[in-house]
Amino acid sequence: MKKVAILGATGFTGEKLVELLLSHPEVEITYLSSRTAKPVAYASLFPRFTHRLDVLCSPLDISAAAKKADIFFLSLPHTVSMRYVPELLRKNKKVIDLSADYRFPSAAVYKKYFNTAHLDKKNLSRAVYGICELNRNQITGADLIANPGCYATSVSLALYPLVKNNAIMPGVWVDAKSSVTGAGRKALIEYHYANIEGNIWAYKPFTHQHVPEIEQTLAHAGMKLKIKFIPHIVGIEGGIYSTIHVEFNSKATEKKVLSWYRQAYRQAHFIRVDAGLPALKNVIGTNFCDVGFALSPNGKEAVVASCIDNLVKGAAGAAVQNMNIQMGWDETAGLR
Amino acid sequence: MKKVAILGATGFTGEKLVELLLSHPEVEITYLSSRTAKPVAYASLFPRFTHRLDVLCSPLDISAAAKKADIFFLSLPHTVSMRYVPELLRKNKKVIDLSADYRFPSAAVYKKYFNTAHLDKKNLSRAVYGICELNRNQITGADLIANPGCYATSVSLALYPLVKNNAIMPGVWVDAKSSVTGAGRKALIEYHYANIEGNIWAYKPFTHQHVPEIEQTLAHAGMKLKIKFIPHIVGIEGGIYSTIHVEFNSKATEKKVLSWYRQAYRQAHFIRVDAGLPALKNVIGTNFCDVGFALSPNGKEAVVASCIDNLVKGAAGAAVQNMNIQMGWDETAGLR
Amino acid sequence: MKKVAILGATGFTGEKLVELLLSHPEVEITYLSSRTAKPVAYASLFPRFTHRLDVLCSPLDISAAAKKADIFFLSLPHTVSMRYVPELLRKNKKVIDLSADYRFPSAAVYKKYFNTAHLDKKNLSRAVYGICELNRNQITGADLIANPGCYATSVSLALYPLVKNNAIMPGVWVDAKSSVTGAGRKALIEYHYANIEGNIWAYKPFTHQHVPEIEQTLAHAGMKLKIKFIPHIVGIEGGIYSTIHVEFNSKATEKKVLSWYRQAYRQAHFIRVDAGLPALKNVIGTNFCDVGFALSPNGKEAVVASCIDNLVKGAAGAAVQNMNIQMGWDETAGLR
Amino acid sequence: MKKVAILGATGFTGEKLVELLLSHPEVEITYLSSRTAKPVAYASLFPRFTHRLDVLCSPLDISAAAKKADIFFLSLPHTVSMRYVPELLRKNKKVIDLSADYRFPSAAVYKKYFNTAHLDKKNLSRAVYGICELNRNQITGADLIANPGCYATSVSLALYPLVKNNAIMPGVWVDAKSSVTGAGRKALIEYHYANIEGNIWAYKPFTHQHVPEIEQTLAHAGMKLKIKFIPHIVGIEGGIYSTIHVEFNSKATEKKVLSWYRQAYRQAHFIRVDAGLPALKNVIGTNFCDVGFALSPNGKEAVVASCIDNLVKGAAGAAVQNMNIQMGWDETAGLR
């Protein structure tokens, strides 16, 4: 049994990591940290883990943590992870960072979107972008994995087969709908039940920080796209539904498009593809990404829809899948 | 047109008051206050009032307010209202206080439940407890009305006909379910959408501050009850559903019980009574209180259920109804 | 007081019409019909109308109905309205049809989208398409008004100012999110709470029957658009949020775009425009349509978002507004 | 690997059984039936099982089924199970019946509550009532297990320690709140999203069919209680929250009451007890039953609250736990 630590264990993502790792056959949770004032039983903070987990949640002490675990999940805010990663790598730990800190090889892109200088430039090149189905080889054995953003996962996986087949025009509209849990567990009036229930609104039009992730991933796959991304908050408990509008280079058929997807994902257990448009609820609580599509009557355009549980395939589940690949374990361990 | 002010206009109750008073035929909103740093357009805080209301929301200045309005709704936190009521009464304003500050003739009861000394004992006796259907006569022409608590309204109205007919045993269990909006618009992790959605929990068992209100109201009606009150927060957007368990003094029949209710409320437009158990959604967005009941097979006990919209009949709607009675207007004005 | 009838009074739209007309100052509800087996009190079907409405709901008898009312709202399924409209017009009734039966001057378009021959071609030319803010003049005094579809209203109002100013390219992507109430009150497993709660799915891609309505309305306004429409069902209780992706003919500025909207809607009480993206909840329960927009960084594209309550501005509210214009009453009567 | 069949695999409970059994280490699903017209891939009915389960769902053929499986879960409607159980027992199958058909040793009680004669009286005495924590010994090795009702589980587990210690008066009020999924997957207007969302109503007061189950279970534990049971439907997605009002025989203390619960459940992994009142969401998606309580200030009464996921601990999870005990496996297998 490998020992795992979760730094930042009380956010939505940290909590989901605890849940998933608890039933993982190869690991044992040995260290949990949060901004708590002093160590407390994790199950006292989250009673749903009573009778299931008997570990303290402590203020983060990176040296103490390093003594207790082999694999580190960093579920810390952006700009915080990079303060701890160098020491963990120095001590030969395996690191899976769920923040955006190591997603971009370029410190300039990071600065543009996060408005702060990168503090650990030297490890940027060491990081592997952990979009499992597309980067499996680089992930295997990597020391530092940058777990992708939730929107980025849902959109990159949906577009990859089209990009790989060089099938679409570069301008792509994405209309994404997300549960508010994607924004983190914050005590804001905006996230009060009475404001979220039954509400929908669009935000950060064109400028969301996941856009460069998507464009970078798809550039590696062969096309320089221009993603016009409009995220929305929707009053649902979990999940992301991304509706993507593409124009084909040349007239397409349902059969051909389906073959591109099936071919691209024939070995991807967690991606389920079919013609037609998926429903979000089928993936909630799972690590699956369901992708479907429909062609316009004239075959020149299509809508592609992709859905994931934003806290599983969009965060903690992908992180576990990354660990599985990294360590050479069954890719689905702990995720079935 | 009378001029009305709402002090504390940005809470759930204050916002609902604005909505109701906007369509009231006899009044015009002329003053709104909140804990804002400087005056701002109310509609900029609540865009849903754009094109509907063109009034500023200002930091509370009681003298300025007194110059602008005749009728004052105080939708302020408990212990705050009593700082402003004396001046308003001195200036001959009509006051409807939605806090608990004037609900108890006894300063000792207030101190017990709100843990602070009362600052305006002299006006306590001047206040009329504004449970419209039971205190209509005293409300007419009153200067200071203490608008009842939401749970108290739902329970007192449900029990009153039984008490008036001296029909039940003193021990009464109340199991009340409320939307979280009853707790006020607060930026707490506990009220985050992700915690409320799909959740139910009981709180403040036996000790909720609405218990003495209910007992006091029903004592006036003729019985000293012992209310065992268990409130719950339920993941719904609005409303209170109170399920009340009573034991009859002697065997009852559905017909007899129904006659007690019909008799007690034959002139109460906003109370709808029927045998059988009501559904909450029928009262949402309205000032109605729906009451129903079912007898145990042996006729010795009954469950009585009562439902209201906690922000309307349980707060702002009752306040408007109180104003209507107070001013001698049609009791249903602005509430249809 | 004019007498009004609602044919099809038990669907979501019929029920909302009852609610709105009940508080309308110029009318009185005198006739309600549904597929009930025999006449029953409407309030017994919908207890929320107890103490508010004392009218029977009867099996539809068009001759009896014609004797009882002057103005007819037809909230009947598509293909059913056209069976009754001819007789009502012959008897000089004012008719507001909420089905799609009279929305298209062309019987061929109707046949294409509703898969049935039109039975009342001769009255097609007499019908006025009732999109209030755009067709006010024709609506005034009209005998037969075809109330627009909910999606069509939200999209046409959002695009009209851009079309009128000939500002955009013809290809327009629309990503619309709707409450399931738009699909009618049907006993389907698909609409069971457990399937809708927390779910999102896209349906009828490119082929929804509201597309020709939108294209026809905007053609009248000056541009032949190609609307690529992707509707979604979202697990919320009410409302439509339409997110629209447009490309400008030439670079635009926020100021210029805002001026187009303000100019187009300077007399439209129920359309609220602002730069930035609106939130759905601000319009729920109202007849408002909130429209906002955001430009891409290069000013060549924009996202426009529009939201309405699908049962009010998207159906019953618009129908009342149409009646108000038709009859020469205050356009906002019964809708404040 | 034992082979398991689920008869009635498309209801909420059957679907949950599939989910749980899929990750159970000792079994393999080999047969699924429903009221389908012909065999279809189960994953085509429930796309969320795509890539996870490759079994057909067939019209029920009990002989064919008997050839394919060793252990049978009957998730059939009441009055249907008893048609198939005799043959399964004759063929030496292990049977876990989730209907009410074998919950009562007395055919008379069955007839009273289900209004039909029992067809398999001879096997009634062979059935073991499968409330795991209380009947573990009888369940071990049993052939036929009657899985308890959801409300019955939540209430019996909450009251058992008090009954065992003979601590309370016989009259007990129970106010239970349940998700609508407890009523089965039915295409009723009543279960339409628009009716459930935000709604609460009480139903079947005093007469719910789970009452005799509770009374029977607690009679075995030592007290003949009179349960006054008021169930409610609440607009939440899953779970039951039972709030129970008890009167002690003699004054109690929190410490003493807590010791009764801890003692009774010291070996019950799936029951979590604490002073204070639990929150429903902590058990959703799990097989736990959380129980808490609060004493009245005078120590003479208490409110006990218990919560479960109605489809897990209240149905499918308990059925799996029963199988585990029956077969001598780790009681928590497949349930962590």
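Every chain is named by a letter (A, B, C and D) in the order it is written, and numbering of its residues begins at 1.
Here is the rule we go by: contacts are C-beta pairs under 8 Å (C-beta built on N, C-alpha and C of every residue); 3 or more make two chains touch, one makes a residue touch a chain.
Predicted model only: the values in this text are computed from it and were never measured.
Any chain that touches subunit A and also touches subunit D is listed here: B, C.
Both copies, subunit C and subunit D, contribute mostly matching positions to the interface they share, with over half of the numbers common to the two.
When each chain is reduced to the average of its Cα atoms, C sits farthest from subunit D. Between the Cα centres of subunit B and subunit C there is a gap of 37 Å. The distance from the centre of subunit C to the centre of subunit D, with each centre set as the mean of the Cα atoms, comes to 46 Å.
Work out the mean CA point of subunit B and of subunit D, and you get 39 Å between them. Shared interface positions of subunit C, i.e. residues touching 2 or more other chains, are given as 195, 198, 235, 237, 278-279, 281. On the side of subunit D, the complex with subunit B involves touching residues 173, 175, 177, 195, 198-203, 205-207, 228, 230, 232, 234-239, 241, 243, 245, 277-281, 284, 294, 296-297, 301, 303, 305, 307. Against subunit D, in their complex, subunit A makes its touches with residues 22-23, 46-48, 50-52, 269-270, 272, 278-279, 281-283, 285-286, 288, 290, 336.
Only residues 12, 180-181, 185-189, 191-198, 235, 237 of subunit D touch subunit C when the two sit together in their complex.
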